[in-house]
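The following pair of complexes shares a single chain, chain A, combined with chain B in the former and chain C in the latter.
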Partner chain A sequence: MKGPLAKTAILLVGMYVFLKFILPLFTAPLPASLIFLYLALTFASAMIFYTMSGGGLDEFMGPVGRFLTGSGQAGIAGTARILVFILFPLLVGWQAYTRLAPSDMPPAENRTIHPAPPGEFVGLANPYPRTQENIMMGKGLYAAFCSPCHGANFDGKGPAAVGFNPPPANFSDPGTIAQLQESYLFWRIKKGGVGLPVEAMPWKSAMPRWEVELPDEWIWKIIMGEYDGAGQSPRTWEEEE
Partner chain B sequence: MGYKKIFNVALGLTLIVTGVGVSCVFASDPPPEGETGSVAVRLFLTEGAVPADDPNAAVWNTIEPAEFKLAPQVHWPDRIQEVTVKSVNVRGVHNGQDMAILLEYADPSEDAADAAAVEFMVGDKMAHFAHGQEMLQVEGGDVNIWYWKKEHGKATDMTAKGFKTLRPQENQDVSASGFWRDGTWRVVFSRPLQTPDELDVQVTPGEWRNVAFAFWDGEIVDGAVKEKGSQKAVSSWWYIRAEPPPDNSIYGYVVLGIVLAAGFEFFLVRKIRRGNES
Partner chain C sequence: MQNHGIIQRLKSLVPTVKPSSLLGWSVFWGLVLLPALVWAQDAATQAMSVEYRDIPGLGSRNVVWVVAQQHLLLAGFVLGVPIFAWVCEIVGWKTKEARYDKLAKEFTKLLTSAYATTALFGGILLFLLIGLYPKLMAYLSDIFFPSFIVYCLLFLLETVTLYLYWYGWDAMQGNKKTFHLFLGFLLNVFALGIMIVPNAWATFQASPVVVAEGTAIDRAWAATWNPTWWPVNIHRLIANVVLGGFICGAYAGIRYLLAASQEEREHYDWMGYVGNFIGVFGMLPLPFAGYWLMREIYQYNQQMGITLMGGFLAWLFILQAMLIGVLFLGANYYFWMGITYRIPGSERGYRRPILAMLIVLMVCLGVWMTPHSLVASLEEARKMGGTHHPLLGVFGVMSAKMTVSNLMILVTFMSFIMYWRAGKQETAGWAKIAKSVMGALLVLAGIAVIVLGVWGYFVPAIIRINYFSVAQVLIVLFIMLTFTPLTAILMKSAKTTTEMVWGQMPIRAGYALVSNAVMVILLMSLMGYARSSSRVHWHIYGVMRDTSDYAYSPALGYAAAFMSLNTFVFCLLVAFIFWVATMGDKGKKTPDRKQPEPADIPAGVTPAMAGGSPREQD
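Now for the complex of A and B:
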């Protein structure tokens, strides 16, 4: 196992093990398509390296040619060659089948959860001071208008939540309102689900267009109550911090 | 052929069967179920007439239902926070011409104002699930609503595109029939898969459509009907598809793929051998 091809194979296996099993210990798991891309880049790099230095293409591809023609092979290598020759057409047939067979799966949905807000809703500051009184009023309004879906505990588990797809946002999750500015929430509450852009699939959202029912002042106070109740802080521009 | 060669071929075949089997197990992901129910209704292909107007036909008991959770309608201001119908089991069949959809749900009392509805997006434009409510950044389409009410004893084929636009269509293509026993409604809707009416959902076997459901408990409480108008139980948009007829041409393409791959191997090896000889 000293040839360039064997070294490349070992490198690819090592790379795969690293990307698939070791990297997720430190960060989010990589999607399969990205792992494939990295392996393809690794293979291409190895090919360029070996064909530019020394022995050239023949040294690199020689074992492949000897394997395919079966010259001087016996035992396990011979078995593997037959195996490859049988398996390759079957894999092609299997691929053809899985591509052509009608799927029972509904179309995949790539819904953007936090799409960009319209320009007029960027960077607005809450015009009401963060007083205990305003927060309490916001929590009261939240309990009346928002909690049936978003939950009395701000966790998206209100009594009406179970029927909706997408489910109501869970504000106690650090991935929701903690990542957003107050002006973003103002947009989402005021314009509701029907105010979302196409990539967020507005036709699926049950969120009411609250501007029809609530004055802006109430919406700003609800935002205050939401952050306080969920134990989160709004995201701010760095220069403001 | 020597014993060694036979052994090698047998070993190879065993490994292939094992490998393909393992890849099948890992390739078929479980269906993407909603957190609390199904995501799609499958209209099973049957032969003969579909059980239109018969909520108790034997064929319904042979079909695994899709279950969808329901919530109070909250989108419109005239809302209530508690609804009677919490979930619905949906079964469907078609025969290439007609389709029938059975809704089965719990409602403790049989009342004249009990009602059920199935909603579809029409055409290619996406429509908001609350009656095709206007969207601010997306041009929406119509919805087609099949409505059944116990006291009417029939279906109404309706169209809507936004608040206060719900109206019966001129062409009534849908029939419905309901049967209540022991706290359970079984309501069956039926219609041809295709109609000449452009306001109707057109169902083509093999194609996915969007569907939603709504229910009203017509019980009289303190002299008033408990759920009416936009005070109702609703589902989100889910998917529905009429099962396509089996397509055997796929197997022809599979065989073609195998033959082409084997041919490629043959010519590749021949080319390498000739290259080595020269």
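Now for the complex of A and C:
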């Protein structure tokens, strides 16, 4: 297999095999949307590289042109060309059918994970000082109320976590609470999943509405304990002294 | 009968006046119509209480959306082109190269018709806003009236300066050139004023500062100096340069595709290069300005920041990454094709570095476009344990995005440096050392940017935002600010090994230039929607609520359709402006001028427009 077009095809197949089959050996499988994105970028790279010069363009597009026009496509090549012309529309039709056919699978979603908090929760500061005593109290409350789902190690792997989809948040991940201000956590803990705004539909949070059980003081201290236990810092606009 | 009785009684009130006299009839009808004054007063009161009007079928918001976006894009063009033209004029004046002066003049010519079209859309927008949003406009007028006066004055000054600058071009050559350059400077100063005054109105809506006490000027000034005013001013100023540069490139690209002679091809090839160059150089600092703006928004209001970057508008930033990525790729592709086609024989030597740069750009773009929350089916989400991928989820946060955007800027800058050096041999004795130092610095800079990016995951957000991100930006700026003069000095004494050949670029180079311009327009439409939608259901954030039927954020697909429509309409408008502005040139062509024959094209050179014959196109 020679020529830019063949090399591109090999590159795409290799990339697909890597993303679809090899990478999941080490981590979770990638969703189809991400695989498609990376394949599109790979194809764009090959297109850019091979079409930078006139010779490269001819080598890249030449086989495509010859195939479409049938120039020099005799014998097996000619038969293969006709087969492709028959099979390709069938493939497109099958794709269209599978996309449109009724299915019991819900569609892929792009739910808003971090909806904006209501105005009354914006800019609230933790009213309790960050003392060792308060942190320890927060950790104790966390162990009692939060750890069954969010885990004793703050990693979202509590004993009850397996029953939830999506799973409880992993606080040790720098992409979760480290990106948020304490007031945001206060809102989410206090109002829970049912307190999420319309933009967060479909509401997929089993978080209880803790305001009915916990006083504000406990919630603020749990937040303190969460950050300390997960080894993260809340997002602030002032540097700590 | 009762009415008749009233009229008779009214007539009896004016017994001394003969009914036939004019005065008598006037008094009579005046008294008859007296209640109408009350009705009129009622109507006026009613009109004052109207908060919204609608345009049936189209929707007031949709109409204002399109008109405002067109006005803004045209304004960006009208404010960007003078910067572009003035810079070109200065370069032409300093280097004594007439082609720069010609280029500057060619684009200033477009300004007169573009300026009128921009003002026309501004007028339409104003009438629509007054008519459709009277309550909001009354409030804004109350706060900003002093700045309305300033805006009008600036508009007058800009108009006068523009006329003098354009119509005085030929008359102010030679000794008067410096005065003409001064006029160009003034033109840009007034243009900057024209941009920043309305920016105050728009940014006030997003981050209002309302002062109840003080004079009208005090209140206007406080409202003007709101937290996002200067970040938006800087961001728009740079973006206007980018828009001006890439539209110049697109114009050159189309003219190149239509060129009928080698001379024209050479000219428009060169013009495309200049447009792309200015567009790219404007684009390099643009992400920094955007980052500063977002930082200010976050600091001003966490709710608005989250709505933009983490909430329902977050997907716009994935689209933004894609558009910026295509823009970076388009600009680099054009540079690389320039090396291949304009510097014959250089293709082989630069193939590997280009491949390396392409891979870095693509990997960076892949990271930039990876969302934090992935689009996944239920089954896929179950396998991943949520919508965050345990490995690739780390690409979704700002630390990764900042790192890759800085690397892409660095690569694009190096692409330009490579193009600059291509076909030249340094002769300075210290050239080897300088190149080694530059190479080492580049590698160190790349490593430092990546290290800071990775480290950013392990420090509090404020440390990352205030120090690490700033350090990344400073590192890239340091490279740009040291490499540019160093390369300039090296190139001054360098000998040319291969002469640059203009007019040999393939037709896809022209399309790349057009694509870059379209991407910039799409980007401006996209971010215009993001800026406006971040206010959600507020006309003035936290101060005046939107209580109209349109007090909801349109779905992203609906918004994307409007962005495309706006881009398409703007492209049509610009094409019309170009067509009108160049109509005179076609008329000026003397009948006895030798029309280019197909034989004028050097042997082996394919006409730029495939299938087009120069004779037909002429």
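Throughout what follows, the second predicted complex is superposed on the first by the 130 of 241 C-alpha atoms of A that agree within 3 Å, B and C clash if a C-alpha of one lies under 4 Å from a C-alpha of the other, contacts with A are read in each partner's own complex, and residues count from 1 in each chain.
The working rule: contacts are C-beta pairs under 8 Å (C-beta built on N, C-alpha and C of every residue); 3 or more make two chains touch, one makes a residue touch a chain.
The structure displayed is predicted, hence computed values, not measured ones.
S.K.: Based on the superposed arrangement, let me know which partner A:215 touches: chain B (first), chain C (second), both, or neither?
M.R.: It touches nothing on chain B or chain C.
S.K.: According to the stated criteria, A:184 is in contact with first (chain B), second (chain C), both, or neither; which is it?
M.R.: second
S.K.: Contact-wise, after the overlay, does A:107 reach chain B, chain C, both or neither (first, second, both, neither)?
M.R.: Both chain B and chain C are touched by A:107.
S.K.: By the touch definition at the top of the document, which applies to A:14: first (chain B), second (chain C), both, or neither?
M.R.: A:14 sits against neither chain B nor chain C.
S.K.: Touch test for A:49: chain B only (first), chain C only (second), both, or neither?
M.R.: second
S.K.: Contact-wise, after the overlay, does A:116 reach chain B, chain C, both or neither (first, second, both, neither)?
M.R.: A:116: touches chain C, not chain B.
S.K.: Now for A:194: first (chain B), second (chain C), both, or neither, which partner does it touch?
M.R.: first
S.K.: Who does A:41 touch here: chain B (first), chain C (second), both, or neither?
M.R.: The second partner, chain C, only.
S.K.: Name the contact category of A:32: first (chain B only), second (chain C only), both, or neither.
M.R.: In the superposition, A:32 contacts chain C only.
S.K.: So chain A touches chain B in one structure and chain C in the other; where do those two contact lists coincide?
M.R.: 105-107, 165-167
S.K.: In the complex of these two chains, what residues of chain A are touching chain C?
M.R.: Of all residues in chain A, those touching chain C are 23, 26-34, 37-38, 41-42, 44-45, 48-49, 51-54, 57, 105-119, 122-123, 165-167, 173-175, 178-179, 181, 183-184, 199, 233-240.
S.K.: Would you tell me which residues of chain C are touching chain A in their complex?
M.R.: Its residues touching chain A are 299, 301-304, 306-307, 310-312, 314-315, 329, 333, 336-337, 340-341, 347, 354-355, 358-359, 362, 365-366, 369-370, 372-394, 396-397, 399, 457-463, 466, 506, 508, 536, 542.
S.K.: If we count contacts the way the header does, which residues on chain A are in touch with chain B in the complex?
M.R.: Listed in rising order, the residues of chain A that touch chain B are 65, 68-69, 71, 74, 78-79, 82-83, 85-98, 100-102, 104-107, 148-149, 159-167, 191-198, 201-204, 206-208, 212-213.
S.K.: In their shared complex, at which residues does chain B touch chain A?
M.R.: These residues of chain B touch chain A: 4, 8-9, 11-13, 15-16, 19-20, 23, 27, 31-32, 34-36, 39-40, 42, 68-72, 74-77, 81-82, 121, 126-130, 133-138, 140, 206, 208, 233-239, 241, 244, 247, 250, 253-262, 265, 268-269, 272-273, 275-276.
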